[in-house]
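Structures incoming, each one as structure tokens.
One chain, subunit A, links the two complexes that follow: it is found with subunit B in the first and with subunit C in the second.
Up next is the complex of A and B:
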């Protein structure tokens, strides 16, 4: 039962800490852009608190899909985090939920909610943004699936906690070329999934005029925003638990170390997302995705030929 | 033979010219019969290499019992090929004028022969009730959809500027008819009138097939300020400059200069050389900060916030430069008839020269970094193509047309002030896309820096202002032009009695750029829509200087300062409510 407690604990702690790293990223980004930026690292907390004080405004034409969108977004984001085997290991009660397929389906659900909520808002730009979000899945999911398939075939299991354990013990790992190559393509998929520039269509402000979140405001927006930050952490978490799983035995220390590592990844991504314009879906984005897919395919071939 | 006579002789061969009137050395007006109007404009435009620069409808019933139309054509050559340009000494303005009897306010539409006239003729109906017969697109342009029929605000007897028509309830407002393509599967994506990230109101309709825009239509003029009406008969020339520069928040100085120089030319005032040089400097400073703004935004709308921020850092130096020259971060409040209100000290000149070095260095540095970014260049290339023939038909101006390979630049074609003593190149690119337009802007930034430097180095001595003593002749009119950052601004002023303006027509650069925008949208994706609009560097407020006001009752009321203050604090009991 204690594993369930840790499962909930890791979600709560990450929910509380994640905005801090967002704040760090913002300060760093401001420095790179030669502006002052927020006064400290706590700006995202203040933003979310401020948003929660604001009232709701909802388009007349929208339905419950739109209204409950932010809650479900936040909920699925939190669920994604919960199933990451950070503080609990294999064999515990919680680890039965920690499965690659569970994670893939939860993230597909998150994307689905994102899409229908934005289409339901009645804003044509949000609708276009929502449908693009689905298009991204078409490009990213094959890459992600193929990379994970290689890992699952190597480990002979789809349970994330067990895979993590095997990598830790060295049963599978970077000594296998297939695993190493899969880590590269999965890293790309993870970055795209976390929805940051140049792949961020979720908040593609100008081009799609405020993107999918365009019609949300106040607490709704704050919640949806927090949900997206959680998703980013979950995606980083997934990468860490498969490809960089070394950590402490003690669940508290493990959680601390995980947050630190994920935070570093989150903040370091500023060095990518700060520079250059967004990619267009059917031109630059597609060619990128095809390259990444080739890499993941190489990993699969390497597994099949058995080197 | 004077400037423009050769063109007029050619027109005379086919058309009866009733009258030839010369305003200045390079501005001639010919009067033709209204039925000959389209042919006369077409001959000048297509056969002799003219571009439509302005069209002024005017209510001259008090003067001669008629309405009048003035089509201002800038004779500079078709410029479709490099050789296709008139020699410098032949370039001039030819205005085709025609009278329209007050009892039959119609005229044959020029748009059928010269598409560039479409916006002007739509506006002529809105503002004066002059109906262009055969106009392919007779929808309203300027007036709002619920404006009463048959009320044309710029007619002299139409209205009192303090009154406004009764508001129509939201649900009773008539719908504006957008030009819609027919066919199944066309998705209508509305954008505006007010949209989260648009800085000014404009209603765009993008008709899409999937992600591709197959056609677009737009409605502007949501924010008229009634400036042209305001100027008539109420302002004297000392006030006009201040009104004109409030046309725009970015290129206000260019408007002030065009307006004041139109007035100065009509009277024939020669401004002191030092003032001329400083006017040029201010215009170029305005170009610096405006182009930096636009290049920054062109990065920002593609998501490149980093480049945007760095470009804005440089822009700050140009504001500082403006402060050294005019005393304010914006170049406002400086231009008056006869010169400038503020002179520069030599210490300020020295500081400005240092600042120019900084701007130039950092600009080159940042631009190189942007050009190194393949993804950024990729987002700009091949997007928003302005076809050369479309450009020739619609007379666009500024970087918009220069990006399509036309060397149209008011500084080069119709030099004003100090410009003819300076050396500069007209920046031209041949790609027709966003990339070319931004490249033109970058080249112009460097040219502007060089122009400012030349002006400072050659700075003539003497005073910056003379007292204009000439009496202004009622009925005299002239064109004032300059190259604003977005393109050529053309102002036209006709003088009235008692040192007041009879008619002021302010044609901002963006006005000429809007009508071809539709063609630039076609075939691009929605993701690029904002970028294409941005690459025109559109200025909504420039375009929307006109309108307002109505008279239903004859009552009038004087508002006191107290009334206004109370109203602005409480927002209750509108002081004009009971009128």
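Up next is the complex of A and C:
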């Protein structure tokens, strides 16, 4: 039962800390763009608190899917974080939810709600944004699945907690060429899934990507926004659990180290997303995805021929 | 089992006797089939791992036996499960057909359709199997006739044409088999020894024959035509269970024949192709019922992935691989029956309320039909395999089975299995796009106010039928360990066994992956409550929100601004242009007039596989037509010639 406690703990702590790293990223981004930016790292907290005080406006055509959309978006983001084996190991009660397929399909649930809410809002931009979100998944999923499949076949299990421990103990790892190549393509998939430029632009609310957020305001908007930050953390967490799992035995220290590592990834992504324009979906994005798929395919071939 | 069969027969006879009282006949007929199905659900569930049989009278030429083994019990359970929901649904739904035809006959046909399916599952010799098989086809074709239109007649002809071809292949497979074993009884088939070539021929015939009925690629063309044409309660049965009865045939044959490796791989490749192409074609449909029919193609593909893994497991003598494969296949069979039945019933409710099958004119119906909306929401979630609903569990098993297959030796099997895993994952992503099925119909602003104003929630029994299946989606998902235990008792009756339920609430695969659906459900529901707690703790402003029009960049909002089903998948359609071969046209009329945009993506396989055959047949018919010249003397000459020919043949042999 203690694993369930740690599972709840890790979600709550990350929920509390995640806006801080978003604040750091925003300051850094502003500096890189020679803007002044927010005064300190706590701007995201202030934004959310302010949003929670505001009253709300919603489109009158929407029904419960849109109205509870922010809650379910936040909820699925939190569920994704909960199933990351950060503070608990294999064999514990909590680890029976920590399965690669569970993670993939919970993130599908996030897209599902996102899509319906975007159409339900009746907003012309939201619908396009929802559609784009689905297309991104179409590009990313083959890469993600192929890389993960290589890892799962090497580990002979789909349980994330067990995979993590195997990598930690050196039973599988970078000494295997297939694993090493898969890590590259998975890194790409993770970056795209975390919704950054040049693939997405999380900050551009009025633009297409997060168009669905365009119709949310007040506490709804704050929750939806926080939910998307959680999802990004969860995606980074998945990469860390498989490809960089070394951490402390002690759950509290492990959680601390995880937040530090994930935070560094989250902030470091600014260095990539700050340069270059956003890709068009069917041209540059597609060629990028094909390149990444080729990498993951190499990993698969390496596994199949048994290197 | 005889009780269940007799109840359906009773329903059939009683509704025919009430022919004059049309309305009462429908109520009574469908109520009896609901009672029979309800009884059947309990009966087949209780006797799942048992066997049962009965014989028809001695004076019927010979003494035909009908018997059910655990596999037959399982399929009978699936049939009665969906039959129950659609019978309950039909009680009030069929009032719509009062003017179109006799409801008494409809109820009788409906009862006998279910009975025919059950008899196919329990027939134990070639003669009765084929008789019931063809009865099943014919009765379903009659039921489609209730929606009388040119399109539905054409659909019936295509359906019957492919069913005919399939029936021929099955018949050939059975006769070859009987020739080798020396008896028409199924019991003699299991011990027959066949040469590899003969075995492969029989397998291919059976696979094509049953596969065409199941709607696998490339024999899928009849599904999207015939299923939408039928009345909803019948579509639910056709799409939910009739195509599964065909899979029953494939499993039967694979258990009789000396299985070879490439059969399993062939089934997997066809399964992967069916699932990908099925979902891609489903995405571009504007008729929501044919969209669902294409989804059946996709799900048959997923089931074939599981069954193929099982067949491959038998071939390489790996009992655990065979077990997980069949477990995955059977689990997905029941799951698909549940959510596809649910979606068809939901679609039928929408049709009932709006009288249109065109998705693009609907919208905003959730406010008018909250229960139907909820049912469809859960149905789409189920088909998209989102945890903790039922679709997820069976796809998890399918993934595990294929992964175990990919762990084996040999480069070709490894490639086949790994690619199929990726294909299934891509299918999973594409199915999520089917949120548009829910969203365009129920969410947003109504696109046609006239339809929206006229729409109202459907009557009670229709909702009850849907809610029964909604409950099924949850029970077969969260209660995965109980369901797995039951399906395992079926699978172990003809295959190996492994510890699939290591502890209460958990399910496991032979390679050792273990998940616990109750915990997954708990995590998700726990995480869903978190934002509410946060909102309360942060004292969020929870005053009632103002309701306005959606924001339209400062323009006045119009309902034509919102996205529709076509554009929602527009990027995908452009990406897959080579597969759809659509030629979009754009007509503009000045700056202020609306732009006319047409786009008709096609199922290209029709032109590749079917059109040449149809053309050749028509040409051949023209040529042969000269034989039929109307002269009786010539006809007698034909008969004489034929007799001489056969005499000659028999003399030579």
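Here are a few things to note about the model shown:
Everything below uses one rule, namely that the second predicted complex is superposed on the first by the 297 of 307 C-alpha atoms of A that agree within 3 Å, B and C clash if a C-alpha of one lies under 4 Å from a C-alpha of the other, contacts with A are read in each partner's own complex, and residues count from 1 in each chain.
Please note the rule applied: contacts are C-beta pairs under 8 Å (C-beta built on N, C-alpha and C of every residue); 3 or more make two chains touch, one makes a residue touch a chain.
Predicted model, so just to flag it, every value in this text is computed and none were measured.
Residue contacts after overlaying the shared chain place A:92 against neither subunit B nor subunit C. In the superposition on chain A, A:232 makes contact with neither subunit B nor subunit C. In the superposition on chain A, contact of A:278 is made with subunit B only, not with subunit C. Of the two partner chains placed around the shared chain by superposition, subunit B is the only one that A:32 touches, whereas subunit C remains out of contact. When the two complexes are overlaid on their common chain A, residue A:197 makes contact with subunit B while staying clear of subunit C. In the superposed model, more residues of subunit A are touched by C than by the other of subunit B and subunit C. In the superposition on chain A, contact is made by A:128 with both subunit B and subunit C.
Looking at the shared chain after the overlay, A:78 reaches subunit C, while subunit B stays out of its contact range.
Within subunit A, the residues touched by subunit B in the first complex and by subunit C in the second are 124, 128, 214, 281-282. Subunit B meets subunit A in the complex at residues 187-191, 195-198, 211, 299-306, 309-310, 313, 373, 375-376, 378-379, 525-531. The touching residues of subunit C, when paired with subunit A in their complex, are 364, 366-367, 373, 377, 380-381, 384-387, 392, 395-396, 399-400, 403, 406-407, 411, 414-415, 418, 421-422, 425-426, 428-430, 432-433, 435-436, 438-440, 442-446, 506, 509, 511-516, 519-520, 522-524, 526-532, 534-535, 538-543, 545-552, 557, 559, 561-563, 567-572, 574-575. Of all the residues in subunit A, the ones that touch subunit C in their complex are 7-8, 11, 15, 49, 52-66, 70-72, 74-79, 82-83, 93-94, 96-97, 99, 101-102, 104-106, 108-109, 111-112, 115-116, 119-124, 126-128, 130-132, 134-135, 137-138, 141-142, 144-146, 149, 152-153, 156-159, 162, 214-215, 218-219, 222-223, 227, 281-282, 286, 300, 303-305. Within the complex formed with subunit B, the subunit A residues making contact are 32-35, 124-125, 128, 197-198, 200, 204-210, 214, 274-284.
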